[in-house]
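By written order: A, B, C and D. Residues from 1 in each chain.
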Amino acid sequence: MASDKVQGPIRYGPIRYGMVGGGQGAFIGGVHRIAARMDGEFVLVAGALSSNPERAKASAEELGLDPERSYASYAEMAKAEAKRPDGIEAVSIVTPNNHHFPAAKAFLEAGIHVICDKPLATTLAEAKKLTALVEKSGKLFVLTHNYTAYPMVRQAREMVATGALGDIRLVQVEYPQDWLTEDVSAEGNKQASWRSDPKQAGAGGATGDIGTHAYNLARFVSGLELDSLAADLDAFVPGRLLDDNLNVLLRFRAKGNAPPAKGMLWASQVAPGHENGLKLRIYGSKGGLEWVQADPNYLWHTPFGEPKRLLTRGGAGALASANRLTRIPAGHPEGYLEGFANIYREAAAAIRAARNGRKPSKDVVFPTVHDGVEGMAFIEACVKSSKKNGAWTKL
Amino acid sequence: MASDKVQGPIRYGPIRYGMVGGGQGAFIGGVHRIAARMDGEFVLVAGALSSNPERAKASAEELGLDPERSYASYAEMAKAEAKRPDGIEAVSIVTPNNHHFPAAKAFLEAGIHVICDKPLATTLAEAKKLTALVEKSGKLFVLTHNYTAYPMVRQAREMVATGALGDIRLVQVEYPQDWLTEDVSAEGNKQASWRSDPKQAGAGGATGDIGTHAYNLARFVSGLELDSLAADLDAFVPGRLLDDNLNVLLRFRAKGNAPPAKGMLWASQVAPGHENGLKLRIYGSKGGLEWVQADPNYLWHTPFGEPKRLLTRGGAGALASANRLTRIPAGHPEGYLEGFANIYREAAAAIRAARNGRKPSKDVVFPTVHDGVEGMAFIEACVKSSKKNGAWTKL
Amino acid sequence: MASDKVQGPIRYGPIRYGMVGGGQGAFIGGVHRIAARMDGEFVLVAGALSSNPERAKASAEELGLDPERSYASYAEMAKAEAKRPDGIEAVSIVTPNNHHFPAAKAFLEAGIHVICDKPLATTLAEAKKLTALVEKSGKLFVLTHNYTAYPMVRQAREMVATGALGDIRLVQVEYPQDWLTEDVSAEGNKQASWRSDPKQAGAGGATGDIGTHAYNLARFVSGLELDSLAADLDAFVPGRLLDDNLNVLLRFRAKGNAPPAKGMLWASQVAPGHENGLKLRIYGSKGGLEWVQADPNYLWHTPFGEPKRLLTRGGAGALASANRLTRIPAGHPEGYLEGFANIYREAAAAIRAARNGRKPSKDVVFPTVHDGVEGMAFIEACVKSSKKNGAWTKL
Amino acid sequence: MASDKVQGPIRYGPIRYGMVGGGQGAFIGGVHRIAARMDGEFVLVAGALSSNPERAKASAEELGLDPERSYASYAEMAKAEAKRPDGIEAVSIVTPNNHHFPAAKAFLEAGIHVICDKPLATTLAEAKKLTALVEKSGKLFVLTHNYTAYPMVRQAREMVATGALGDIRLVQVEYPQDWLTEDVSAEGNKQASWRSDPKQAGAGGATGDIGTHAYNLARFVSGLELDSLAADLDAFVPGRLLDDNLNVLLRFRAKGNAPPAKGMLWASQVAPGHENGLKLRIYGSKGGLEWVQADPNYLWHTPFGEPKRLLTRGGAGALASANRLTRIPAGHPEGYLEGFANIYREAAAAIRAARNGRKPSKDVVFPTVHDGVEGMAFIEACVKSSKKNGAWTKL
């Protein structure tokens, strides 16, 4: 059951990777490193860990990097690593949003696979340019919409795809948090600062940070594409430049003969009592599903007209798509880091296949630059709709 | 603790009431009768229980009514009872929506207090006429938005009113059900039939039946009034004439200097896995609350920056407004019928006061014709917005 | 669906009943009155409501009793009512435990049906005498182990009886409370005072008050009889004369060829965080069940090797034994008072049958004097075992 | 927040470790390897992975071990590694129970730190010998009672230790599973086979496998030592040689002037509906706590007389002892592997200190050989008590 046996990462040599961003004081960089390490698939060998040279140096030392491979900038890093025979095969980009595009560009052009945090960029135009670059490069581009890799999310997706819910009618998704209920950026919270600065975060606040996660998860599980939305964005805390709450109505494109599905999306950073309350509910003509990120080992399933069932990761009723991303038995909870590590596991499978000029098994699934473009389109549509007094806006 | 001691209904003589509708095969009539009976406040002495004479007779016999006081129509009943020295003091109207107005009119004009099911009428215009009639009559008009009388709903309202949540920013309310997931009216379900017939139900399907409950609850607890809404109404089941799902964005009127609150309302009859999933969540600058109708003895409260608390009916932390409508100790659950009976208890207090030409204590709270008008305005705004492609619509 | 239609209480005339105990300041008397009133099956016409004459009078007045039928003692009441042509058909005894036996004796001998609170008596010997009296009298004796009448408890019982769990192996039952965590009797709490006084309560404290409920529920649902137990009784609060916590191991008698079932019973009045935490879990060779009193509309069922199911009162999967005691649709919670009223509803069915010299339908189920004897045997075995350092003790 | 920054494992060189057991088909070996890898503290360099030579070789290759350092036996491994300048500093022993003692002996005598799975040995006598060996060796001995390293378990322990619950009165612990409800060893389940074989598992079945976990957790959090117990052990499945269910009454030693605490322990492998249902509840004179392994990021706390609070890992109200073992923000769940990795993190801190001849910070806490002896004493007392018909038995 242990992943190291299944994947054999060590037998075939771990994947050499580098990191851009993620120096001291960052949050998500550490998460990426644990995720990369969990299954022994990756080894960190290079970094441009901070735009602050001192912090970059200290961070690299702490992580045991060869000082030669601690770079002052990603541009320099991409160039230097591309030349080394033992150079990195992949890079993880974990900077504020405004650096995603230029950094990804540099590494793709250097022939290095990219694993990148979301949202993909700061504008839709940038995102589209990046798509072209990815396609031209022939390299892999993995966007860390990590929630898509929880086992029970995969199970939900499989159930929808195989018709367990019938025609999908409703997709209700929400991602409430409470950490920005008060003006924490005033208190020097680094996470809050860049996320609420339009120059670094782009046009969306909560929309870009968590709205894109909710939207991506809804698309991933439902298999539906959005036609249009009507959005009400607010910044409730005085002085805040970007939205801290979004209430959105969704209309999906019709699929087959069924009437188009509808939905609602709520994301908030000012909802006291919610830590990371991502929740997805999908209803169809034959049944309903409910999944909650804080308790990710459970999936509620109601076949219409039958009792509700509590499906568990690894338990009776767990499907193949869930089981292949599971490390331990039912009843022993897996969490956020395991889900995040599943993205890295999928990335590793794809990189290993690419080493041999092959495509990975079709079971291997991860969010790509196309999902990133969809996310940017979502942000721009939300901002546009909200500025037009919540008018329905096509994606 | 037992209510019969607190209220002393029997000492002072129970209130004589009659019923319009609620014959055999009806659902809500039985609920009203249990609610009226629970605290010994009311005694049922007359009825026009069905428009079908045979059913009316059989129902009256079953309920032990004096055959003389089983009437063929509410018009006849209002007239006859008004003349009797032992005539009814109040009437409960539990018919399909289209009879609410004419029946209420008849009894008000006969000088009899009215307890009426929701929604108030089939059009806003009718509802406004009824308001005028109520005001002219000087009689009590009690609308059975029963969810407002759950003890922990009263507690939530008190907490909002006394500032426990700070300025209210968000009101998220939902009322999903699943009983109309398939076309049950085709199978002769009486409840489903009239509720999905525009002639009997009015312009709103789910909107009128449960959307109004959700909307009323949101107003009741938040103390806010709605400015405008944008609604997407659907009838997912082929052939259904009225909506079975509504997704609505809400904008409330500003209160004081705080920015106006926003919200979302979802009501559905096609959401498999939900029986009667009414849920209200309110968030302010200082805290959040969550209440769920299926588990009504609990109220989640998070003061921002502190641990979540699970307040319980009758438990530590229960407030006066909750305790005055509580019959039994904490940990012994009260349910829907107790909440419904609380409406009758409040009505009894008001009727007893009226007997003596007084106003009831200001603790006595119940939904009135004005709430009914608000509900009809909500339905009409939803229908109007939906027809205009979800445009923002003033109430 | 409303009970008044099913049972037709009013058509055939409500049952005249009286009450012993339950005057001002009592708790359980009010509960009995609401339960008797809920379905319109009973009407209260007489009482010996308190041993304190002034309180008896005031209480009777409050309840609207004819002053002539407010008695100074149950002895007087039994005699006088037996003579009246319109005398009571049944009496509810809701006194402290030490009055149960003499009061029941008086009414049985007067030919009046008895509805009695638990535990049955203060000693096993007394309980056995009462059994003989009941048998001799030919009258009904209903013991208000009210938890047995929750619909989902009936469903659990039906599932066990029909083999859904296979051979029963384990019965785990608990009833934790916290109200006696500190010495509240010192503060003049009337409920606490008599319950912790051996003269009024008998030999068991928590054992008699809530241990008997837990034990009765375990027997009722499992259909098993206890062979022996090992008990550790404690009074954790200094100065308390009766136990406030009991930890008990259970061994049931073998049934068929299966090995005898085992179990544990925990009841406590000193467990902070528990209001009325009665919980029953039963496990067999084919599945498991879990039910919790505070959330009584749910029943968890796991058929071994399949996903867990959440059965709901009135929902898909609800069985006949549950549905016949249900008043309202799924998702609208029923609570403690409805469960308690179900005991009165069953009693009414039996009394109505007795009026006509018949037995009630075999669906009609209620705890009897025999269950009371079992309860007393349980108390005595617990006390005996605990005194013998927890030695295994036969019942 | 990422552990690699806090602990700096790579800066100072990861710890070289080997593994005994954990070859293909094993479960717990893979868990240990992920736990060792998660924070980058350890690197696996040697192994005696299976007693089957072919499986040992294949497993070593899969894990990328130098073939030279894949050994046929732990004896050989201990000798060879002790001689190498780059030899292992620690060994993880993850074999069936009967090999724990001889393997641990071999490595301790070779001067190598030992991390060992539980239970410690197959008899109490063996366990005591091992204690002497550990003391003599001066090496570290870490027993992987992994549940003690969940952050909220640490928090519970801190709260008890600092008096938040007052005097402890009750400790209720349970660990139900359902995987042995039927006779799975008959079907060739490797996990089931050795665990139900007295030669490999020792005298306890469920008692040794999960009873010891429950017992250890109760001791760890309560800070209490057990005085005596009364146990009822059963093997419900025909033909099973070791117990699959234990019901146990507990009496703890008095602490200070408070009366001795009591408790109950239930562990089962035949309780359908439970995957790994470890749950601990502790009640004192001032409050109560509840923690459930399947949802480990929550800790319920009720200060007596106040509302229940839901404490969350990383959330408001989280204490230092919990926060130091936390990797990610509140609301992003951590799970079993993170808890297990915390044991390795604590072990790493102790090993790093030992490298420098120092003791680790007193915040560093892990189960030791002494806890292992306590566990074996628990098993033997359970078996002894059960054989004597559940007589009270001293530890």
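Methods note: contacts are C-beta pairs under 8 Å (C-beta built on N, C-alpha and C of every residue); 3 or more make two chains touch, one makes a residue touch a chain.
Chain-to-protein mapping (UniProt): A, B, C, D = Putative dehydrogenase.
Predicted, not measured: the structure shown is a model, and the values here were computed from it.
Shared contacts of chain C and chain D, meaning chains that touch the two of them, come down to A, B.
Pairs A-C and A-B differ in how many C-beta pairs touch across them, and the larger number is found at A-B. With centres taken as mean Cα positions, chain D sits 34 Å from chain A. Measuring from the averaged C-alpha position of chain A to that of chain C gives a distance of 55 Å. Taking each chain's centre as the average of its CA atoms, chain A and chain B sit 43 Å apart.
Residue positions of chain C with contacts to 2 or more other chains are 274, 301, 308, 312, 315. Contact residues of chain C toward chain A in the complex are 301, 305-312, 315-317. Against chain B, the residues of chain C that register as touching in their complex are 1-5, 8-11, 13, 24, 27, 29-31, 33-34, 37-40, 59, 61-64, 177, 274-277, 293-297, 312, 314-315, 327-338.
Partner chain C is touched in their complex by these residues of chain D: 165, 169-170, 172, 178, 181-182, 230, 232, 234, 236, 245, 247, 249-251, 259, 262-264, 266, 268, 270-274, 281, 283-290, 300-304, 308, 389-392.
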